[in-house]
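Presented sequentially are two complexes of chain A, the first with chain B as partner and the second with chain C.
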Partner chain A sequence: MRALKSWEGGLALVFVLTLAWNAAFAPEFLTVQNQINLFQLSIEKIIVALVMTLIIINAEIDLSVASVMGLSAAVFGYLVNNGWGGGTAIALCLGVGLAAGLVNATLSARFGIPSLVVTLAMLIAFRGLARVLVKDNSLGGFPGWVTDLGQKGLVGPVPLSLVLFVLLLAVLWVLLHRTGFGRQVVVIGTNAEVARFSGLNVGRVKAVLFVMSSTVAALAGVLYAARLGSVRGDSALGFELDIITMVLMGGVSIFGGKGSMAGVLLSILIILNLRNGMALMNITGHIQTGVIGVLLIASVLLPNIVSDLRVRRARS
Partner chain B sequence: MKTTKLSGLALAAGLAAGLMGTTALAEAVTAAPGAEVNAVLLPKFLGILPFDQANRGAQEAAAELGSTGTLEYIGPTPENSAAGQIEMLTTATTQKQHVVMLSNNAGDQIAPTAEAAQAAGTKVVTWDSPIPSGAGETVFIAQVDFGSIGVVMADMAYDLAGGAGEFAVLSASPDASNQNAWIEAMKETLKGDKYKDLKLVDVVYGNDQSEESYNKALGLVDKYPDLKVIMAPTTVGIVAAAKAMQDEAMCEKVKVSGLGLPAEMVSYSLNGCAPQFALWSFVDLGYLTYQASYAIATGAIKGEIGEEFTAGRMGSFTIEEDPGRPGAKRVLMGPFTVYTKDNVEAAAN
Partner chain C sequence: MTQPAVLELRSVSKSFAATQALRDMSLQVLPGEVHAIVGENGAGKSTLIKIMTGVYQPDGGEIICDGQPVTLRSTQEAQAAGIAAIYQEPMVFPDLNVAENIFISNRTKGAFMRWSELYREAVALIAQLGVTLDVRRAASGLTLAEQQTVEIARALSLSVKVLIMDEPTASLSAHEVARLLAIARALKDRGVAVIYISHRLDEIFRIADRVTVIRDGQHISTRPIAEVTEDGLVHDMVGRALESFAVKTAANPHGEVALSVKGLGRAGVFHGISFDLAKGEVLCLAGLVGARRTDVALALFGIAPATEGQISLDGQHVAIRTPRQAMDLGLAYVSEDRRKLGLAMALPVFVNISLASLRKLLGTFGLIDRKAEAAMAERYRQQLAIRAPDSATEVGKLSGGNQQKVMLAKWLETRPRILIFDEPTRGIDVGAKAEVHGIIRALAAEGVAVLVISSDLPEVLALADRVLVMREGRQAGILPIEEATQERVIGLAAGQSSGKGERTAA
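And then the complex of A and B:
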């Protein structure tokens, strides 16, 4: 009973309902291939959402992730089309992500500019770089092994990207909920000043998170390029909103200090399954967006209404 | 309805190729009506008139053929077009749809998904905009010969600019393979001696979004003060550009042309902002696409070069090699119509 009252409990209930709804009305829903497709069509976003969870719990935000994805994809396309090998290109893309993270970390953790401002600026700057590199073209012609890894199954029908997602989920779950670093992330997110006076190296924790975020985003950018087989200057444009949405719906507080990997995982599962179910029922794009939108508004309003009611009840 | 039918060199060549294909095979195949064909009509995105017209044509053909299966008209939102199309083609494959009719807006990014669909038994017939490499595509239903569109665009620019001067192209998205092919064909045509005083100064992209296209049109006239013509080979771009020139009271100086729907262009055509533009019938394109898809899905034809099939009220058509895409196949609909103030009102109704 108590479990149901928690945010995660509510999400689990919604998730089960979504599964039941899909299974009942979309006969193809429970096939293995559909289950894999459902993840693979959004895999890059959900990978980045995992790190975003830690960032937001830390009371920061990284709006630049989608632009880093786009930049990384653009760098990959550019390098491969200028005679570089696929492996070297991937390594350089991860390097680009690392560097982007260092820029975010330096400006926000070192100079104390709010991450909202810093990463908003970088959202524009990195996207600009990506567009300069690719211009109005569409760059393809990747090595066969890259597109194979992006599109085909690695372990049976399960593609590499899904394997990476599961690994990253496990690592970050342990990191957030079972290590000292994870506790520091939460404590700093709850109150950075108190954490600083308690002797925690606030700047270092934040720097690690920003570098982690951008590097993973760069990896996701390469995965995106490999899955689609070509890149454009607007690759991954606007993904940051979907990513942040997944995290917030997972019960992570935008003010920091609160949230769990379990909640975010459930939120991801709900959104992906809902979209997939609606698609299988031939519900068109505009309505899908609308339904997800309503769900989000509800998920933001509901906790506020509930806590408001509790306060009122306590007063009366 | 008075229409001016253009027959550029390339169009003539295309027709000749079509006729030769006809003679190669003895008789056109007619698919047996009443089969269960589950089909999806997947436009670039929902919410603009030409795709709705294509759907009307497809529904008409489905009713005529008496398919006992379903015909879904679904599409992504404009801002999510490429990713949305990939997702919807994947879903259609999962649903084991017999055929997906795709107006591709994802360039070659959709090729892996189309190949996976074919491997799982879902045919992919493209219309309006093909898969550039042809990978994963059974056949492309071409509205008109892509080369001939290039000639018509060059000729309209030539006429409106008075034979000399600067003009620019306002296209859809950089990954729209139909528009890209037309612009390339136009550039080829421009190499001809007739067009030597005509200068193409820029190609910009409004991504088939009205506001973006409107702003790109304004950007062009700011950047090129001597610009005489904006050529927009997209029904969204041409309306936006014409409105931009009208709002800025620049229609005397800068003429808008390209591919537009008479219903949306009639006022701009009459007030001189867009004196000349072209298009084909999207209703017919949807109709022919469904007819071909039905014949392919029922196995009446396989989608091989040289096969001839009947398409209801439109007569018979032959699958041929696509001259613009080596190794890929097309069915050529054609011809198209050039609209002026003399015939636009009749067509708009």
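And then the complex of A and C:
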């Protein structure tokens, strides 16, 4: 727990340094519009990352999230262009997410196939479905309410998606750290057999998480379609890697059992601010990606180096 | 005993940060003796072993090998000086065969191997130990005991002069223990000094020539085995007299039947288990390793449900399919494997204690009542004398005995009416063992029906009101405690003529 706190302490320090650096070298950085843009550009990813945090702490993985986002976006575009009402279209998209989650949950939690394999297969399958639906075209020319949904301020200048992110963050924070369900997630992630021998319903907890993950991914897909105003077969392609990066850099152990919402939030803030700052300073996207890659490697190496040093100090 | 020591420690001390693990420790090990070292967990045995095998460097004092002061900077240097160790969990490479495993660390053979020679030497080494083992067999199929044999042969191949055996019998069955002790004697006859570390005092009396007691990192006594008694040894280890291993309260044979099992079985695993367990009674399941006793417990607890027979609780037939269901019916199962099945080692004490009764702590929206949870943990920490700085400490950082108490607390909090203990004192020291026995008897006195699975026969005889002996997945007999002697129980367990007094459950 203490090491975990110090990990978050480190993240907080990096975050403050990033803010200071951005504020010093990019004059537009501190404007309200830029602060909102900074979130908006990755809003769908960071929403999905919140649920991914619980999944990885549970010692599972959901690689299919980006494909579910893509599929949901495609379904949404298709329905809207065929004259369906907004409420019905969104509800159907969430239904697609729910169904996708049930497939993942059934195959991994019920039949015991590793989630890495199941969700990798579903990554391919759902992406295939999205491509079948959209073919080589792009769906666009949505009615005005769709782009309003994606871009217009809901609370002052703050758009719906950012409000949803903040709400989901609060709910999942409490869920993970304060409720019995969250406790079960952590214990199962630490040792699923111990959990089973203590009477916990391991399969049910995992199933709930997979359904939650796909449903939220479907919602993120709708937001993505609405924000961009067009959908293609490869919408949200590869997003799962960015999402998992955010979670791991937040100090969540890929082996499960360890991690906090605070860490993931800080990791998200660092990544978004770094990208935004570099963009404002006209640093190219490739270099931005490189910097974040280095950060990720450092975040994996650093805890190992620290614990190694501790062992050596204990020995000498 | 006038011969020179093969290994001697003079005033060795070692400390880690604030804790003094060893102070002024002196020890002489003579060639061809079995030298037992006993002490409670935390007495400094592990540190002592690690200093002798070059894992740790002492802060002060001298290590003398064959009359020469030596510095052992690594296990390789210790091996070169003729000191090697085998542990409870042997280290073998599963994909290599026995002979390859024996010579794995032998670097004197050059770049190319002559396989015929290697096998011949392996056969010779195994033969020296007085056992039969096919040297071409893959290590993956070996039993724990056979893996230990391989490790010992490996040590012999390095012309070991001092072999340290650290809790070698903790997971062995009775006849495997006998074979290991025979190997230790064979080593001794070849002039090898064996340092034997075990919590099982009966083994020490069977094998040791001399016994050294350490406590709180200090040398307490070294005496020839003929001059010590079990009580004296225990007294030296804990520094005070212990009440007899378990204070047996009057059994309650007329209590109502809490659990009744008839013809219980699981296809291909075990069959035909029948017994009645009364409130306040302690029934022990005895048998050799592999007798499938744990499988009976797993069936009762719904982990691997029974496929045949009947279970009745308080006269009601029940079918137990999941642990949750078993717990709701008032059953609890304290697993034998703390590390894999019992405790989430990386999580704090309080999380582990509340784990099985989390529901009681949930309020609106499923929020955990954290004050109540902390109070629960604190209550058990005091009640069971769990030695942990506070209940936020990781369970993995506690000693084995204290981990066992945390696991116990977890199940006590579920207020079980039927409590199943699987090897409740494996790998914990005599002091903690006596405490656990006391808790088990106290629970029985309160009317809890207790089922204990134990491979430790003195423990079975000290705790049980009745003993159910299993052999190869079947019930070999039930003995009331008055009729249960070591000989009868072992006889039934090993399948010798079962004797005329054998009974089965009513």
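In this text, the second predicted complex is superposed on the first by the 311 of 316 C-alpha atoms of A that agree within 3 Å, B and C clash if a C-alpha of one lies under 4 Å from a C-alpha of the other, contacts with A are read in each partner's own complex, and residues count from 1 in each chain.
To be clear about the criterion, a residue touches a chain if its C-beta (ideal position, glycine included) is under 8 Å from a C-beta of that chain, and two chains touch if they have at least 3 such contacts.
Treat the numbers as computed from the prediction; the structure is a model and nothing was measured.
A.B. asks: Record, for the superposition on chain A, whether partners chain B and chain C clash or fit.
C.D. replies: fit
A.B. asks: Between chain B (first) and chain C (second), which, if any, makes contact with A:R178: first, second, both or neither?
C.D. replies: The second partner, chain C, only.
A.B. asks: Contact-wise, after the overlay, does A:Q33 reach chain B, chain C, both or neither (first, second, both, neither)?
C.D. replies: In the superposed model, A:Q33 contacts chain B only, not chain C.
A.B. asks: Using the touch definition from the top, say if A:S138 reaches chain B (first), chain C (second), both or neither.
C.D. replies: So A:S138 only meets chain B here.
A.B. asks: Touching A:R232, do we find chain B (first), chain C (second), both, or neither?
C.D. replies: A:R232 sits against chain B, while chain C stays out of touch.
A.B. asks: Could you say whether A:V187 touches chain B, chain C, both of them, or neither, answering first, second, both or neither?
C.D. replies: second
A.B. asks: Applying the touch criterion given at the start, work out whether A:T88 contacts chain B, chain C, both or neither, answering first, second, both or neither.
C.D. replies: Neither: A:T88 stays clear of chain B and chain C.
A.B. asks: How wide is the angle at chain A between chain B and chain C, using CA centres, rounded to the nearest 10°?
C.D. replies: 140
A.B. asks: By the touch definition at the top of the document, which applies to A:L41: first (chain B), second (chain C), both, or neither?
C.D. replies: first
A.B. asks: Of all C-alpha distances between chain B and chain C after superposition, which is the least, in Å?
C.D. replies: Minimum over all C-alpha pairs of chain B and chain C: 39 Å.
A.B. asks: Do any residues of chain A touch both chain B and chain C, and if so, which are they?
C.D. replies: In the superposed arrangement, which is not itself an observed complex, chain A uses no residue for both chain B and chain C.
A.B. asks: Help me check something: in the complex, which residues belonging to chain C touch chain A?
C.D. replies: Per the touch definition, chain C meets chain A at residues 16-17, 56, 303, 322-324, 326-327, 333, 335, 340-348, 351, 355-356, 358-359, 361-362, 365-368, 370, 392, 394, 410.
A.B. asks: Touching residues of chain A toward chain B in the complex: what are they?
C.D. replies: Against chain B, chain A makes touches at 28, 31, 33-34, 37, 41, 136-138, 140, 147, 151, 227-230, 232-233, 238, 276, 279-280, 282-286, 289.
A.B. asks: If you look only at chain A, which of its residues touch chain C in the complex?
C.D. replies: Chain A reaches chain C through residues 1, 174, 178-181, 183-184, 186-187, 190-191, 193-201, 257-258, 314-315.
A.B. asks: Within their complex, state which residues of chain B touch chain A.
C.D. replies: 45-47, 72, 74-77, 79-80, 82-84, 86-88, 90-91, 94-96, 106-109, 111-112, 116, 174-175, 203, 205
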